[in-house]
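Here chain A shows up in two complexes: once beside chain B, once beside chain C.
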Partner chain A sequence: MRLSRAWPAALLLVLVASPFFSFNPFYQRVAALVALAAISASAWNVIGGYAGQVSFGHSVYFGVGAYAALLVFTKLGLPPIAGAPLGILASLAISVIAGLPTFRLHGHYFSMATFAIAALAELLIINWNFAGGAIGMMGPATARSPADLLFRSALPYYAIFLAVLAVLLWLTHRMQRSRMGFYLRAIGAGERAAQSLGVPIRRYKLYALLLSGAFTALAGSLYAVMIGFIDPDSGFGVLISVNMVVMAALGGAGTLFGPLVGAVILVPLSEASNAILGGGSSGAAYVAYGVIIMLIARFCPGGLAEWWRVLTRTRRRRAA
Partner chain B sequence: MLLEARGIVKAFGAFHAVAGADLLLEESELIGLIGPNGAGKSTFFNCLSGDARPTAGTIRFRGTEVTALPPAAHARLGLARTFQVPIVFDTMTVRENVMVGAFLRHPHRRAAAAKADEVLAFTGLAEQANLPATALGTPGRKRLEIARALATEPVLLLLDEALAGLPSAEVEAAIDLVRRIHESGVTLIVVEHIMEVIHRLTRRVLVFHQGRVIAEGTPAEVTADPAVITAYLGRRAHK
Partner chain C sequence: MAITRRSVIALPVLAAMPVRAFAAEPVKIGYIEALTGNAAAAGQSIKQAAELATEIINNPHPELAPLTLATKTGGLTNLGGAKVEIAWADNQGSPAVAQSDALRLITQDHVVALTGAYQSSCTLTSSAVAERYGIPYLAGESAAANLTERGYKWFFRTTPYGPDFARLYLDFLAAVAKTGMATSKIAVVHENTDYGTSVADSMVQTAAARGIKVAQRIAYNANGTDVSPQVLELKNGKPDVVIFISYTSDSILYLKTMKTLGFRPPIVIGDDSGFSDPSFVKSVGPIAQGALNRSAFVPGKPDSLTYKINALFKKKTGRDMDDTTARSMQGFLVLCDAINRAGSTKPEAIRDALVKTDLPASALMINYKGVKFNAQGQNTLAYSLMIQLQGDRYVPVWPTEAASAKLELPFKGWS
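Showing the complex of A and B:
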């Protein structure tokens, strides 16, 4: 049993440290994108995995964070990262406004409602000329000060993203062991029973959404800081939400490291396919996600985490 | 008076599932609620626990009007329930299921775990504590629901057919469990189909038929009541 726990931990450590010892810029860039995707997928996991409220609208949080970063730059001349707190504040407001009515809905209806909200948000942004309309906005071209966080190497971004991810996973770990974690899982497993045991369902769903949305918005800001460009599709596109859902589901929704595992597998795949098939291959990504969703749903609804549990359990049984 | 339900009506469109039912319950009583299928027992139960909001009538529990309060508020006031078809948290272990209930009065993990273990021992589930809840069969699931409800430290426990569908050996164990819960000071309302169980458990029974209480008394009294016999078996064909 100790071995089955030590192995993945050691592997993870090597993976996490490897970009610092690699001089391959492509590898470093992919590592940074993995860490970033892991932040948003882990943030989604709080409400979508633990509480079982499958949101297809988290692109709204991501977009709000990304736009906040580049808005404070283009309109106020501030470093983009200064937009992150504003993005987080906006995400909290969105959680309250969008969450309270949609929490009345269950299962697929909740998912559809969040999907509709995200589609609406993208339309609004396309028509919001103040924020660049359909064209989008650019970040600073050259670093005016270190606060612009403009680096030629992807390594500093990787380090920043990793630190944020560590904080988020630590918070999630704390939550998982606390009353809130139990209550969220109870809500995900059976709302009616949870309620009968005194769980104030809507309040805890809101707590989860506030936490989840805030970190997704932060991921959006960090994305804008690194990439230096945002438009309605890269901020509010459907694929942004789908990415989070698929990564969490693949690795194991409702588990601490599941979304990270999903990101480690999927981001390199999509980056490699982009490199091979050219930039216009987002169509291929849709096809691949469709296939992955079907495979998970058919063979492994609990994601790789479940598969891993079964594997280690049978091995243990055999050893005994 | 622990629980006071007066003039409870629950209508679904033109159909009155509960059509003016009263229930007065003293602390530390154990009463039975019986009636043929579709008599409105479960709907009445749902009104008492806050799962359904009565169309008319008032419910007071421990002096507080709870008629329109959500189930979570009932739980906080000390009213717990089980469901006819058990809803256990499939993604959790047996102990974790019970801890969800225990967290209501014990916000800290360690205290909640200790409370859960105490309840698991009391309900005879200690050995299965670390199994996933999915490993339990129907008797185990019903028992787990009772354990989870007990972990909220209720004053009043509503059992909705907690014994129905159990194999006879399990029925004996379940009757024993219900008795021990009662002896520990919890007031109980037991909805049950099996007359024998009611006979052995309670001294006061309410008979539901077509949304109304048609008889009340000891099990022997109500089973001799012509109205009750008619409700269960129908009227004789000859005069």
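Showing the complex of A and C:
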């Protein structure tokens, strides 16, 4: 049991540290993108994994964070990162406004409602000319001061993202062992049962959404800082939400490291398949990506975390 | 080089990516295009044109003189006949992917210059990487105005952009007004994402600068299935001119709805995209007779370069070359020409050569008046023609000296 825990931890540590020892800029960029995706997937995991409320509307938080960053730059001339606190504040407000009515819904109905909210938000942004409308906004073209966080190398971004991810995972870890963690898992396992045992379900779902939304918004701000451009599709597009869900599901929703594992697998996969196949045979990248997701859904729907648990418990049980 | 201490770690896929140590004889150029996603059709067409361009550069083609780089020997003559090689990257229509592409092409494939990247948003993010690395970037087809307003040192653009198109339409309308036709009441109908919005913005601003107020501006969703409210709104406004900035299925829908509702304005202009799509001509050509359009590429007479290039492209693909593909191909040729004039693959030398670019119209495979960059890197001699749908194809009708057919007004439509 001990050994089985030490292995993945050691592997993770090597992976986390490797970009700092690599001289390959593309590898470093991919590492930064992994960390960024892991932040939003882990943030989604709090409400979507632990509490079992499968949101397809988290792109709203991501978009709000990203737009906040570039709005403070375009309108006030501040460094984009200064928009991050505003994005988080806005995300808290959205959590309350959107969470209270949608939490009355259960299962697929909740997912559909969140999906609808995200679609609505994208339409609103497309028509909101103050924030660049359909064209979007760009960040500083060249660094005016170090606070603009424009680096040629992806390493500083990687370090920042990693720090944010560490804080988020630490909070999630604390939550997991606290009363809130138990409540959320109880809600995820069966809302009625939890309620009958006296769990204040709507209050705790809201707490989870506040935490989840805030970190997703922060991920959005960090994205805007690094990429330097945002438009309705890259901020509020449905793919943003889907990616969070798929990553968490692949690694194992409702587990601490599940979303991180999902990001570690999927982001390099999509970057590498684009690099290797993208130019030559167009579309092949999508095919590869799709096949892998199908395999996961067919053979380990509980995510890799589930698979790993089974594998370490009964070492020699292999089907056929 | 990219030999790192990460070889132990997972991700063998990444490690297996092509890493070329030393720039060998061939000159490698990074080409970022929308090879998959919404704009894949355009991206694939551009790819075929770029392959044609490399074929022309790398092999002897004296018959194509005075086209730049169409030589007796083939290859880049100032670089010892070095061949040009393209490293392709797919931007998938995503600004973030385009940025990854640029970084990968620069650091892994060691390209000497970049070109692309179709969507203006992708060109914006990928050229920011090139700027930080000090690698020349030439945009052949992206038309958003802000691209050349960033004060970048390494960014150049050969294509005409938003304000150029607006000026072309207004000049054309002014010329038509001299014949006694009313052209003062202009309606602009545009799809509501970045393409439609930005061109419509340029149109309204450029018109305002000339003291013309756009009478109606109607934004709509290109994925909608009914445009009768928009057509009725237009009908009530009784405009002299309607300018459509539309994609394919929506422009087809507009023509059909206009026929159903009996709305036939005297002048109809379609801004490239949808109106230029072969399926537009096929499905609504018979009811869109006399629709006007813009193009920077008109094949023209059989002895012209444009005609010869179009013939080669048609032989390769079975299609005529379209405006966007031609603009991209011309951009790529200008970049290769600059590398050849630089006689070096050093970024600084290529940039200097780009700055000094002064190509006459005769050296181009497109109908620009030439290629010469201003301080912002924008081609000041970029140019388009007005073309008109007559029968089953578009023919150049304005300006008169480039016209091969007579301008027929008012818009006939279905009669």
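Please note the rule applied: the second predicted complex is superposed on the first by the 292 of 320 C-alpha atoms of A that agree within 3 Å, B and C clash if a C-alpha of one lies under 4 Å from a C-alpha of the other, contacts with A are read in each partner's own complex, and residues count from 1 in each chain.
In this text, a contact is a pair of C-beta atoms (placed from the backbone, for glycine too) under 8 Å apart; a residue touches a chain by one contact, two chains touch by 3 or more.
In this text the structure is predicted, and so the values were computed from the model without any measurement.
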First, second, both or neither for A:207, with chain B first and chain C second: neither
Residue contacts on chain A - larger count, chain B or chain C: C
Touching partner for A:271 - first (chain B), second (chain C), both, neither: second
Which superposed partner A:179 touches (first chain B, second chain C, both, neither): first
Touching partner for A:227 - first (chain B), second (chain C), both, neither: second
First (chain B), second (chain C), both or neither touched by A:30: second
Touching partner for A:21 - first (chain B), second (chain C), both, neither: second
Residue ranges of chain A touching chain B (in the complex, touch as defined): 177-179, 182-183, 185-186, 188-190, 192-201, 254
Residue ranges of chain A in contact with chain C within the complex: 11, 14-15, 18, 21-27, 29-30, 33, 126-127, 133-136, 138, 141-142, 150, 152, 154, 223, 227-229, 231-232, 234, 268-269, 271-276, 278-280, 282-283, 285-286
Residue ranges of chain C in contact with chain A within the complex: 2-6, 8-11, 13-14, 16-17, 35-36, 40, 43-44, 87-90, 92, 94-97, 99-101, 103-104, 107-108, 121, 124-125, 128, 131-133, 144, 146, 150-152, 192-194, 196-198
Chain A contact footprint on chain B (complex, rising order): 49, 51, 70-72, 74-76, 80-81, 83, 87-92, 96, 99-101, 103-104, 107-109, 112, 145, 148-149, 151-152
